[in-house]
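So that you can tell them apart, the chains are marked A, B, C and D in the order they are listed, and the count of residues begins at 1 in each.
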Amino acid sequence: MRRMMLAVGTVALCVACGGGGGGDQAGGAEGGDQAAPAAAAALGTASVSGNVLFTGTAPANPAIDMAEEPACRDKHPEGPRDPEVVVTDGKLANVFVYVKSGLPAGQTFPAPSAPAVIDQDGCLYHPRVLGVMVGQPLEIRNSDPVLHNIKAVPTVNRGFNISQPQAGMTTTRTFSDPEVMVPLECNVHGWMNAFLGVVAHPFFAVSGTDGTFTIGGLPAGTYELEAWHEKFGTRTASVTVTDGGTATVEFSFAAN
Amino acid sequence: MSHAAADAHLLEPGAGVYHKKLGMWVFLASEVMFFTALIGSYIILRFGAAESWPVPSTVLNIPVTALNTFILICSSVSMVKAYAAAVEGDQKRLRLWLLVTVIGGATFVGVQVFEYTHLIHEHFLPSSGLFGSTFYTMTGFHGFHVSMGVICMTWVTIQAFRGRYTRENYHGVEVIGLYWHFVDLVWIILFTIVYLI
Amino acid sequence: MTTAAVHHEAAAGGHHELSFVRKYIFSTDHKIIGIQFLFMSLFFLLVGGLLAMMMRWQLGYPGKAVPGGGVLPETMASGGVILPEFYNSLVTMHGTFMVFFAIMPLLVGVYGNYLIPLKIGAPDMAFPRINMASFWIAFGAGIIMLAGFFATGGHAAAGWTSYAPLSARSDLSGVHMGQVLWLVGLIVLGLSSILGSMNYITTVVNLRAPGMTWFRLPLSIWALFITAILVLLAMPVLSGALIMLLFDQTLGTHFFDVSAGGQPLMWQHLFWFFGHPEVYILILPAMGIVSDIIANGSRKPIFGYHSMVFAIGAIAFLGWIVWGHHMFQSGMNPMLGTSFMISTMVIAVPSAIKTFNWMGTLWRGNIHFHTPMLNALAFVSMFVIGGLSGIFMASTPVDIFQHDTYFIVAHIHYVLFGGSLFAIFGAIYFWYPKMFGRMMSERLGKVHFVLTFVFYNLTFFPMHFLGMTGHMRRIYDPTQYEFLRPYQGTNRLITVGAFLLLASQLPFIWNFFWSLRKGAKAPLNPWRDNGLEWTVPSPPPHGNFATTPTVHHGPYEYSSPLTTDDYLPQNQEVRP
Amino acid sequence: MHWLPPQASTFASEIDFMFWVILVITGIAFVIVEVGLLWFVIRYRHRPDRRAYYTHGSKTAEIIWTAIPAATVIVLGVWSGRVWGEIKRRDRLPANAVRVAIAAKQFEWNVTYAGADGALGTPDDFTVRNQLHVPVDRPVVVDLTAEDAIHSFFVPVFRLKQDAVPGMRIPVWFEATQVGEYEIACAELCGLGHYRMRGMVHVHTQEDFDRWMLARAAGGEGR
């Protein structure tokens, strides 16, 4: 009887422990440091540059009511708007462009140790769209004297949900797998959104307000490029580059 | 079990039952509360989701489990037989019926494992809605209890083959018997509310 | 009830010398196991206290770096400033450690184990090996709980009550592994508690010495016995709930997942169905211990012994039908709220009986102020505050405002610190000579008592006022609210009080460890007590009693006319 | 310093009154017990020639101190039950109330207003984050729900608290009596931003409220 109770206990213990083993893969903040920052130089000499065009009338960006967050509201003298679609002279900004395929199979690219930086200022993310390499440190800053939480909602990578209650705080995280895109959100300020393009190589760029982007250091070859925008989906293009040459590509989005 | 009380020399003072038997009763009271929590939650969840609850027979194989239920009940009967043999000090029949009980219990667990493999193959998982959640939790913990019982029963059977139990001392058989009947009773309730209703 | 005789099943331990490991580590002796529980739970009491200090720092000085907080990893603090997610873990783990790993094992694990066999005249527990398993399983649970601090994503952060769905969905809390470890730790601990209470119940029922009838049991044993029944029946309900939550976290089940028809309120019902009996698990043994000490200190029989027993029983019974009073504002049907309120109000009655009977015991006594007695008196006076403040939130309309504010925090600390912990301190001072064969220093004991009593009140009494302002529980930074900003001074006062309260424990820690080696040798019966445990050497040998004692009296025959002495041990026969 | 917050709803004063009554009752019990304890402890302290009075208790005394608390708590219970019913019973919600819906989510109060047609669930509904605008001296019924974790809608000046539970729609009502701006807090631990789940109630005069409603319904500004 006593032994039986012990047996019951022991097995219950084992089952309980087994049931608790469902932890995710760790994707901690380590790694990236040993990567040589100049490694990209050895990859190639070709580059792709281009333009992201926008046709039609861009939808108006919604106004944000920051009345209950004066510290942020006061940073937007003209009234805060949510910069979902940034179009200047028919050029679309915040488009993430990256090499989707065509790189030699099996080749790996070391991640730079210099961090990609995203800042929270005026209760908005800056930049709103950001590319980061697998293993590259992502530094998250808070420039607002209010609480922000940063919740990454990936589908492939391990998510995180951290907070920065004070101005000047920084936190560093890394991603372990390529994923386009990883949304970031702040649950204290429901309007705050940012998007991270996590790729396994350094061949990516984000279009500026003039709609241009450049991807350099490519080896000669034929690549499929993809352009991603949060509202308008993706476009793809094929491009061939030679050593030392520059190819141009144009992506076009339209109001839907 | 009540006629055991007639054997006054087996008793210890206090409640009039020996420690292990009292301990088992107390332990079973705790087990009752555990299964009450699981079954109570099942009832609340099922009432809360009345229409969307699947008809059990569309998901589960009732005839196979009915047979399995029958096997478990039979093992309870053989347990009674083993106990009676122990009281009479009939070693041969004690060993025989204990062996039958172990085989019955092991068969039940085996059939349950077969049932689980089959259900998982058909993509009925613990994550398959509330029915999957409650089904696997309740039957799983019952199966776990039966497995524990089979292990302990095997131990008791080995002891019986070594001649441990006499007319004067058959505590081990009686105590494991209590547990066994409890597990059987829980299954009858589970089979009724999970498979039949 | 019949007179029980002892059956020496344990054969008094066999008289060969045991190895060190068998004697002190994997011991089956209830006394060693009790002492093991004592060291473990005092350790967790300290851990829980330190976690509370970090919380208090943040509340008193929000956003300021904790002194020495630079050593904390960046997942817990940024430049020494505690992060909100870590604060939530602090809240959660302070509650969890204090309730499950400090107060509960201190009362049930330590004194249940140590006192039950000695006070009923038994050689050991009914199942010594299960008893040993019970300790080591609890120890394992403690390790699992501590491990959570090192988990990625931090420790569980959904409160000690772990309300689903926050506790069930890691995307909401940001915590997965920590929550899983928390759940597994508690399931494992529950197993230990169930095995322990099975042992206590069997022992009390079956192993009482001849003449130790039910109504000659000391109230401490009555309380521990009834507590064991509560643990036995309440813990498995918690285990069931924890298992469902664990499966929601790991196997993708949907018990508390609304999108699949699951019910979040079901967690609260299950948790509090366990949780309210748990509250009485944490206070009943303390009441029993205090009854013993007060009768001893007053040199008088306990006033109304029978009604004291019935009051324990009544509280334990009512404890099963009041769980809804934790859920008045939860969205549960308000009509149910009314019935839960009535049953809750009724609990005030047995509590009042106990309080007045303790006062009746003091009345016309001959009161000795030894350290245990001082702590017992503190228990009565502080428990009264905790009990009376409970009437506020028992009243449903007042609870609308008081629910989840610092009023509740004040209330539970008046019951669990002012109540249980003072009783525990009293018990430690009282039975220390029995456990270790040496006396603790009375002088240091009194210093410890006075400091603790003063700073305890400085810490927790102002919380009532904070509660009146509407100050919510479990908030990281009260200065974020304009209506709370004027009361930040009170928060700071409480923080100062809390730090002084922790510092006040230094004399106790010193006293405890110093006396282990240097304390005065304990006489046979230092408190001139009636209990059977004082009729054997200190510490008692394996097997406790050389010959089975026979009991002739109830436990509280102090100043009896039958003897010229002012006490009459239970086993001492008086011929008129 | 006054500790209870100002009263700004119809039932705030009743709840406070009840609080003070209980404080007086428990205060009396508190004084009796503590003074009694202190008195006994001093009066019957150990003296070398003293011997304690040997008694096992008194039935009469015990019946008295059982009956008095029992009677008191039962009276309190019945009274509480009545007030509780007025405030929280869902079959007693006031008629002709302004209806709004609040969906709590980590860590925001999303308040949905009925818009010009005065009915919820129509296309002209609009939602404002963290701002609850209500008219003074008119009952308001809030349909509370939550999208993720459990939150608790707490307006200290109204003495109102109600958990918002995912999957449930819980109606609560109040009637503001003072024009002004008051804080809304979350009272149930809901995650790392719990302490910042703060909103405001803006209590307007009926005219101001109508004006605000029209402006907001027309502009649709903000998110």
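Definition applied: a contact is a pair of C-beta atoms (placed from the backbone, for glycine too) under 8 Å apart; a residue touches a chain by one contact, two chains touch by 3 or more.
Predicted model, so just to flag it, every value in this text is computed and none were measured.
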How many links in the shortest chain of touching chains run from chain B to chain D?
-> 2
Pair of chains ranked first by number of touching C-beta pairs | C-D
Mind having a look at which chain is the central one, using mean CA positions?
-> C
Where chain A and chain C are represented by their mean Cα positions, the distance between them in whole Å = 50
CA centroids of chain A and chain D: separation to the nearest Å works out as 44
Indicate the whole-number Å distance between the mean C-alpha point of chain C and the mean C-alpha point of chain D.
-> 31
Can you give the whole-Å distance between the Cα centres of chain B and chain C?
-> 35
Can you list the chain A residues in contact with two or more other chains?
-> 2, 5, 12, 147, 149, 161-163
Which residues of chain C are in contact with two or more other chains?
-> 83-85, 127, 130, 173-174, 198, 247, 251, 263, 476-477, 480
For chain D, write out the residues touching at least two other chains, lowest number first.
-> 106, 191-193, 195-196, 198
Of all residues in chain A, those that touch chain D in their complex = 62-65, 67-68, 82, 146-147, 149, 161-163, 187-188, 190-191
Chain C contact footprint on chain D (complex, rising order) = 1, 3-5, 11, 14-15, 18-19, 22-23, 25-26, 29-30, 33-34, 36-37, 40-41, 44-47, 50-58, 61-62, 65-66, 69-70, 73-74, 76-77, 80-81, 83-85, 87-90, 106, 148-150, 152, 154, 156-157, 159-168, 170, 182-183, 185-196, 198
Which positions of chain A touch chain C when the two form their complex?
-> 2, 5-6, 9, 12-13, 16-17, 19-24, 26, 28-29, 147, 149, 151, 153, 159-166, 169-172
Where on chain B does chain C make contact in their complex?
-> 12-15, 17-19, 22-23, 26-27, 29-31, 33-38, 41, 44-45, 48-49, 52, 125-127, 129-130, 132-134, 136-137, 141
Residue ranges of chain C touching chain D (in the complex, touch as defined) | 83-85, 88, 91, 157-159, 163, 165-166, 169, 172-174, 258, 263-265, 298-301, 303-305, 307, 329-331, 333-335, 337-338, 341-342, 345-346, 348-349, 352-353, 355-357, 359-360, 362-369, 377, 380-381, 384-385, 388-389, 391-392, 394-398, 400-401, 403-405, 465, 468-470, 472-478, 480-483, 486-487, 558-561, 566
